[in-house]
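Scroll down for the structure; my scribbles are underneath it.
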Amino acid sequence: MIIVMKKFAENTQIERVLETVNKLDLKPVPLYGTERTVIAVIGDERPVDQHHISSLPGVDKVMSILDPFKLASRDTKHEDTIVDLGDGVTVGGKKIAMMAGPCAVESETQMESIASEMKKAGVQIMRGGAYKPRTSPYSFEGLGSDGLELLSSVAKRHGLKTITEIVDIRDIDIVGKHTDIFQIGTRNMQNFNLLKEVGKTQKPVLLKRGMSATIKEFLLAAEHIMMNGNSKVMLCERGIRTFETETRNTLALATVPLIKELSHLPIIVDPSHSTGKPTLVSPMTKAAIAAGADGILVDVHPNPQEALCDGDQAIKPETFHKLMEELKPLTEAVGRLL
Amino acid sequence: MIIVMKKFAENTQIERVLETVNKLDLKPVPLYGTERTVIAVIGDERPVDQHHISSLPGVDKVMSILDPFKLASRDTKHEDTIVDLGDGVTVGGKKIAMMAGPCAVESETQMESIASEMKKAGVQIMRGGAYKPRTSPYSFEGLGSDGLELLSSVAKRHGLKTITEIVDIRDIDIVGKHTDIFQIGTRNMQNFNLLKEVGKTQKPVLLKRGMSATIKEFLLAAEHIMMNGNSKVMLCERGIRTFETETRNTLALATVPLIKELSHLPIIVDPSHSTGKPTLVSPMTKAAIAAGADGILVDVHPNPQEALCDGDQAIKPETFHKLMEELKPLTEAVGRLL
Amino acid sequence: MIIVMKKFAENTQIERVLETVNKLDLKPVPLYGTERTVIAVIGDERPVDQHHISSLPGVDKVMSILDPFKLASRDTKHEDTIVDLGDGVTVGGKKIAMMAGPCAVESETQMESIASEMKKAGVQIMRGGAYKPRTSPYSFEGLGSDGLELLSSVAKRHGLKTITEIVDIRDIDIVGKHTDIFQIGTRNMQNFNLLKEVGKTQKPVLLKRGMSATIKEFLLAAEHIMMNGNSKVMLCERGIRTFETETRNTLALATVPLIKELSHLPIIVDPSHSTGKPTLVSPMTKAAIAAGADGILVDVHPNPQEALCDGDQAIKPETFHKLMEELKPLTEAVGRLL
Amino acid sequence: MIIVMKKFAENTQIERVLETVNKLDLKPVPLYGTERTVIAVIGDERPVDQHHISSLPGVDKVMSILDPFKLASRDTKHEDTIVDLGDGVTVGGKKIAMMAGPCAVESETQMESIASEMKKAGVQIMRGGAYKPRTSPYSFEGLGSDGLELLSSVAKRHGLKTITEIVDIRDIDIVGKHTDIFQIGTRNMQNFNLLKEVGKTQKPVLLKRGMSATIKEFLLAAEHIMMNGNSKVMLCERGIRTFETETRNTLALATVPLIKELSHLPIIVDPSHSTGKPTLVSPMTKAAIAAGADGILVDVHPNPQEALCDGDQAIKPETFHKLMEELKPLTEAVGRLL
């Protein structure tokens, strides 16, 4: 931690900061510059509340040296984390994990149709939402527990793993019973009590980036889960909110190699919610894999114009099959498997 | 709703859109332009899922005409909503509602000191957090139910109303028992199940704007609460996230008069979390009131450098007293009462 | 400057950094922490290119201690700068400088009408654009030199000072001849050669904040002008670009008191371009003055619906007169003059 | 164009809008809805100033139907534009155009070294800045005309084409004499007079996206050039400004396929300025090509830590050679040539 004093900070103010740092069992090193005094702090700053120090009289600002996350950091664990879903299905290794399916579970016919298409395409993990957070209270909110049962029974029949969103702490048992992966949506990335609860289970968690979360906040959210004992966390870049309105969000693909530097956790990309346009899904899937993503979470719907949720961003099974064909040489070219 | 067809949309595609609109009991009016066909839709578009229509083949984009919120809209209710907290304390009328106190409840001494200072300053509503959502899992998370009891007992002793944040659906009874206003924080603005639950009570709710929420999404979040039967909603502008890092957030004060145009709900401003700097609290409080805000939610702490939460943005009681003095002529000049 | 080395930086890398700093005539102080080595640099870091150091092997990041601007800094000059326009008209003192007029100069009738209205309202500085930067090449681009002459002759007749935008280095003489203040628009805040040229004159400059410029970049742009010898710089907050689309830009009013802390230059607010809505102009003007602004730059047009430029954000003279009436008690309440 | 009237708009206001539209030689179609009247306008709305109409009394908002650009639009020209630089070098066809070299031209040694490395790597276009726009007035601003001569003479010797930035209208002849491509930087994307001047030449232009420009504004900037007669425009995505600070900018790669839909112009990606980190250059180059980019503009410097400009984002020639090797199978996999 570096503490920058104000230009005309008094000696008593400087001394008070030194004392405060000492009390925290850290070592302050004052550096008397030509314009300002700077106090470098030696020791692990992470457990310290910076606001505490920045509110001392005479302090101008406090700057961190260490990244604030620890368990999620590649400094702590060098090798890549591989999340094992059982039955040979893994996320984070050489094989790209394709997670595909409809935004919302709607009916048995729909799920059957998708499941058989996804299976045919070589997909191992089927997505489908039963609880949908919706901006407008007038929108379809999902089938709830009936949707969960549909998802899991159809998936089992086809030998697919599942991923579905959990939005309410009270649903942790029922959702946990029916899914192989808890999905935490963008709006819940900082729902800390929900993170804590999924952290207490041993079920893999896919954590979506908050739409205005920095990468550090994203990794700190993962830290909330890991601190509670669950290290099976997969991160998911799904676009951030910017001034651009032509796409639903702005897919920040540089997040992928950057996360790979900062963390050992797998990183997945969602080309559907990030762009909001089906024509952009295929090129952005390719780009994500070329950038080093470990998996793709994509909306596929047998009949987008009848979809009860986000139909305008789903691609059709035939488009998905074509994409899978095109991905084969590409994944090979970047040294991955599909 | 206006449906814009693609430049080379086929007749069968246009006909399918017309049919679909008819099925929704709305009236489509096709307009055949020189370059494109546009279909204007007459009727109430709010219950319709636009994504449904925008995913139809040949459709380029769909644009809304009506604002998507209804209960929160000034079109629906012309006169200002005044939220009554009992004992003559109201929010939304001529009198500016000052809500002041520490970010976190820490101890009886702290709360007693603040309560007597706030009372002296003419404040009617005391704030204080018992459950604190924290970006880092290594930060102080509040005293929980002990904090709630401290807050309510001290407030009662001093004849003050209270406001405190609720972060977990499971706490609705205990928080409701101890506070006069539920505060929904920025990270929970789209925690729809939490909105629904506070909407089922009759306790006033202060809803903070999500840090990357548009004004429309903000009003739709209020709509989620109101739809469940609770119309005692106060909105709170607390800064949005932008590229600027000198201030913690960017206080978007034009939100105040804009909300007044769009909605009948009271609008409060938080000059503390929005700026993150105690020196900016007084000028931005004045600016907020000049812009038409109905109240101010401000961090005051007897000893900011000992604060367990956000001490670096709190002002001291003496600064607050001075601010109240300065606000007197200003509120009068803009036709309000303090 | 603080140089943070990578976690596993080698000794030879650390030594190379120490050497490099020594060569720059600065004093490096290495601090060997538990996880990383940090090198504090003592001396004036401003002339040093940080990128130079951050590209050295083993360096993780470089953090500045000092603000990068010097001439514009309040650390350098304590007292407020007051820009003198002659004939008793000043900007930056106790009196609020109202700068009002149409976005574009259109005709003598229009300018005469505005000038007499503005004079009557007590305005001392009339605005009016002759060269208009327009997003679309199909829009009206201003009357050019004819517009300049209209502006200056009408203003002279009414005893008003003038402000007009300069967009092209080649126009410096002709614009300089006709105006009392050079306005640098948001799109030219980092047109460094234009800044340099107006910096070589002694004519006052109103510098608008770039729509995505940080406050530091804004002050550095002022520094470009001041370095060339012209210290008569007025800053103008005109809204920044964010995700919000209900207003044209997001007026970041906390910029006002923050600039007052960081710099001695006057700060003006433009409530017209920042909001893009005439109904928001009056409340945001009041808010700006309450926040401590030294002046207001506002679009007034005798007939907004006939305006050739941005008519949808201009207010009418009668609205302006009413605003001036309402501002009187407010400016007094905050200790300023109108 | 769709004109939405206010909820309680009067008949005389509606009639005035109809009249105004008629006068513009467009056909208004009024639609009387349950809550509001909407007026659809048939005809080419592009030459009309929307602000003009949105300022009419009773008008709530005006929405465009047609994209505001015409010459740059794929609706106007279906097939991809291929920019021919002579000697068989083209941009926009099957071959990926690699444009590589240092941020700033510094010396003959530096340029010779880079040129021979780039030639060896198969690069056809060398970049190098002679005029550098710099945020701080204390930074290196380029060698000016000496730099231009160095660039062109070295490039000629090695049979390379060149690209260099123009920042000042007065330099159009000298820069034009020495370069094969005018580069317009992000800060000048809306320097309309500069766009006009390069538009009057027949030299190819690489137009960088403004750091806070929407895609529509980006294409409108291209339109400014094309309207003046020069259709040899290449667009360049170089990252936009967002709240994220881990990377210098946020590379918005979905821009690539989106531009391909909206426009016939080639689209280049700059992985260096967009990320600001050399370790992210290779993955983002791969991602850009997988997304469909027509070329890459990349900072390569023989000795980044001695670079006078942006050394911290440049990659070394050896890294570049390795990248080119890795790109071969990838470009093939996506059906392009390197």
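A few comments on the model shown:
All chains are identified by letter, namely A, B, C and D, in their written order; residue positions are counted from 1 within each chain.
The rule is simple: contacts are C-beta pairs under 8 Å (C-beta built on N, C-alpha and C of every residue); 3 or more make two chains touch, one makes a residue touch a chain.
Please read all numbers here as calculations on a predicted model, not as lab measurements.
Placing every chain at the mean of its C-alpha atoms, the farthest one from subunit C is found to be A.
Note on interfaces B-D and B-C: more C-beta pairs are in contact across B-C.
Taking each chain's centre as the average of its CA atoms, subunit B and subunit D sit 39 Å apart. The distance from the centre of subunit B to the centre of subunit C, each centre being the mean of the chain's C-alpha atoms, comes to 31 Å.
Residue positions 212, 241-243, 245 of subunit B each touch two or more of the other chains. Touching subunit C in their complex are the following residues of subunit A: 2, 4, 7, 29, 31-36, 38, 40, 42-44, 63, 65-66, 75, 241-243, 245. Taken in their complex, subunit C has these residues touching subunit B: 212, 214-216, 240, 242-247, 250-254, 256-258, 261, 274-275, 277, 279-280, 283-284, 286-292, 326, 329-330, 332-334.
Across the interface of their complex, subunit B is touched by residues 46-47, 49-52, 54-57, 68, 133-141, 167-170, 187-188, 190-193, 211-212, 217, 220, 223-224, 227, 241, 278, 304-314 of subunit A.
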